[in-house]
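Going by the order they are written in, the chains are A, B, C and D; count residues from 1 in each one.
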């Protein structure tokens, strides 16, 4: 399992379901990675994903794949409930791990994975895909670079006619995207403190299909997330209100994803005078690139450079902490529930821009 | 003060501030109404509103106006805190009353006005302007006529760079629009039951400038309202999800305000099979007309016909009941607060289509 | 008819049809103007326009109005075919004239009006309303100030489900808006040289209901205008491509009417190397104001200051010259027809910003 | 080279440039096709396109590929100037041919290819990709099925910041898309009769970078196409005006590509009464599928079934006829130039819906 820097990193993709094909395609296209297996219990499905023209091996046995010393890393796209055993087996076999969100089915399981990776000095990375889009990279610079001023509120809407998941509610299915984006862009000293969640299940799915999550940040501002599987139209917008600028991100508007407004309300504290800024709007030019390509590149770089990736296990753990608190709130009529804190620096990785 | 049906209804507008000029203009244009006064403590302001070419009288004295037997009705556009004394004086003088939203500064005051009007057989009408738009008239037909099926959720967003009010928070300023619309379109057996509200005041205005209101309806579904004075962009959308159809109302898209989607998720209860409808979308043609013209016409008609208007005092009271519950929830960390019920039929009036 | 600078300018509006009410409203609201008459052959219509609450006089006789020494100026909103006699009578009576577009039914008639006004030292102004919008004022600064670089092309689309005019085709009805905007924003040394027009009449209206006008400017670039009465959707966009910046004007997007793009294709001439700029976009903040208010203010100012208005008779004449050439081209299968030149400076007036 | 119906059709892709990779990917995914070669003079480029995980052969020799009896068909994505020799060589070797638009560099060359294919009974198909989108399939049904009534006008806009081609002008680069769509959707008895074209080259590219094409159809209506490489924004819209309905196609709006309006102007011929329809708008649900997949499926089906494909050589020839006429008009100041007619039925193929 020794590997020098010039040898490509042997990688296996575990899971040939919804997301697996994307991992396969991007692993193949990433310099420094060498895709050796697509592994799925359903071997035929794996074969269909690869098609008739591929030299990549198919395997139905995770054990076999993990036993191959040419495999240095795995990318896991199996159901969340299986993340703990699959990722733990990989870590115990000494493999670096890239795992789909959420990190695990609950905070305690996630904690085990983080500890296992850290104690072995292995990379544990979350596929928080959105964090590798040019839009979020730019947002991160705007927010952490101070251009927006102090964060006043965040409002995110992520609704569409979505697949009603059998095993998780809409919060666990969709909100991880928003929560991981907050994790990536917020300054280190602005952390989620407590969470309130409301939800409803109008179609009798057995869990919430529409949900609203309200989160109080450590600077007192409020962040709101609306997730919904039942909306006939697709909306993917996030407004980040700051004391100096406000940015609107519309991810479905490819020609103007980000709009940075010099518009807002100012209040001169001493004399309580309220004034309005109505300046220009700037839509920054963003490069076009596939986010998952960036995920793979960061995974490869973090392994090669022996550093935590931008979206490391602790980032995944922080998202889990919020999801657990949200579920508790949901069960308790929307009462605020404190968010368990995860120590350690966030977002220390580079590689986003 | 006797008036037969052919004599126009003499009317006075009280208040020459932000909204008063619109009342003046529309009162003048409404057949059956005869505008006799614009009344404001600031006589010069009233004069400026009327301009140099008007025959309408200006008055600085409410008493004088109410003493004029040619004045049969008043339209009140003064600050909410003054609604009780001004409207009560008018009712006690035997005048019909049209009043800006909210009906009064609190539920108890509103109750007094409703009682005073009902005991005297006078019209007490709320200027819930949006309820007289062609869009809301059509929504009312869609929802109450059953075309949407059972209501599953409602989500309303009303955000823009708004005037930060000195005396009321953003909930009391903006949410009455949404609440009065719900009041107008929901079937009689679907009523708001309890309310949770979150808010924040990031600019130090002294009360919430950003707020989220979550309301549980009697059929179990959830209604959410997001109001915000600090957003650089203006959004006015409402999604009404139904079991048969879902309608999206975008009030800022004049060429396609309503979009009725035959898209959604169905679940066959017995076998728990989930299926997806992905049918066509229909954008109904809507007439163009100014809503406030409809308000004035309904006010005149309800007086002439001796019937309650579509947006009568009880409708205004129901909105107040929700606002009070929301304020209590806001002060209590977002806990659900029951909504005081107002008996009597809702929306019995006609005149919307 | 003597008038000192402090006495308001007495004005009469001639024509109580489609546009007249707007002139009445804005004349009343403009400091320095004193509206004395609304004049229309149909006195009842004029009365209805003024409503029951107005002190403005109604007249059915143009002669009477022009004979009143308190009337110093007239604003004419009668059919184009009547502009020559009505405006000429006013000028001969020593009145300043504001006239709806187009200046007259043909170039020769327009020439007579310009000569009559200039020989008497009277203001002759065109109500080219769009030229007084904040958007066009800003465009004028961008283009004439050089920020766009050299103008490379202009493309304007003005289509909607419009009133099919009985007496003029769609070019004469809609294109004057575009042509007067070009007139206002283009630098003095970039003039329309020749025009080609195609049109069709698919509903049998007797003249073109859909038309395309292609205009070659003196700097070699091409300007295209698409006008259409039959489109189910309304589009009002203009793209002005420059060598340094390109601006897109979407008049139906009130929150982002102008978008200035630092995007384009550059070609280094010597080595024929083509490169692409893909910089940011800026949407300048624009004030909200009614354009017709600006028209009235400029009319009053040009009279008071004794200077030509921004949209003077010669500007109207230049528009007529293009329309005549376009009609000739239309009748000749789209062949290019030279545009008759009107000497004298353009757009020397101020007052736009 | 014999092939029974169950053996997959052996296919080679010729050209590994801009479009070749898309052909490779879709050929691999199409049942009934067996991709055997990617052929390019630049063997390294071909290898890069296939990547490190492919079993497909690379070849630098067209002759070798055509000599392989397992190759029954070729898909050609080389520059237009090479279409004649490459496609002719393939046809002479008895291979079926799918070729990128335009069919050839001029009408005469295209004619030779059509004759060569027809005389040998081989499939010659154009990759008019847009014709295989769900939107165009639906448009074809709407137009040819009569739902729009009589076609009154068509207006197409295809502008963006595009690659300035070194060898062809913007008409030859972009307009083939529009022209092939017209070819696919118009009824057999509505044919392009004459064409006028205007263009300009403001950056000194050596040929038109902005162009307007006006086409008179045999039913008297006008079709207009605006193509532009210099626009900072991307627009892909087509309006098809009919006497009964009008459809607006906005290809960049994935959630509402087609909008069918029951809005328009009617004229009762005898009494010359003009009336306006202002009915609802319907946005039909369209499936999501990749158009190029449909191209490949139609190519395979036309070979297997021995029938002409929807976009056969004659369709390609008709597009060439218009492009040649447009170029002649462009060189002659925009004068109308007749379009050479190509006999034979159009669009007889199935497979679009």
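In the analysis below, contacts are C-beta pairs under 8 Å (C-beta built on N, C-alpha and C of every residue); 3 or more make two chains touch, one makes a residue touch a chain.
Which protein is which chain? UniProt says A, B, C, D = Putative dehydrogenase.
These numbers were taken from a predicted model, which means no experiment stands behind them.
Set side by side, the interfaces A-B and A-D show unequal numbers of C-beta pairs in contact, with more at A-B. Chain centre most remote from that of chain B: D (centre = mean of CA atoms). If you average the Cα atoms of chain A and of chain D, the two centres end up 40 Å apart. Taking each chain's centre as the mean of its C-alpha atoms, chain B lies 54 Å from chain D.
Residue positions 233, 259, 263, 278, 281 of chain B are each in touch with at least two other chains. In the complex of the two chains, the chain B residues touching chain D come out as 256, 259, 262-263, 278-285. Of all residues in chain B, those touching chain A in their complex are 150, 152-153, 155, 161, 164, 196, 198-200, 202-205, 209-210, 212, 214, 220-222, 224, 226, 228-233, 239, 241, 243, 246, 248, 259, 261, 263-267, 269, 274, 276, 278, 281, 333-336. Residues 28-29, 35, 51-56, 233-234, 255 of chain D are the ones that touch chain A when the two sit in their complex.
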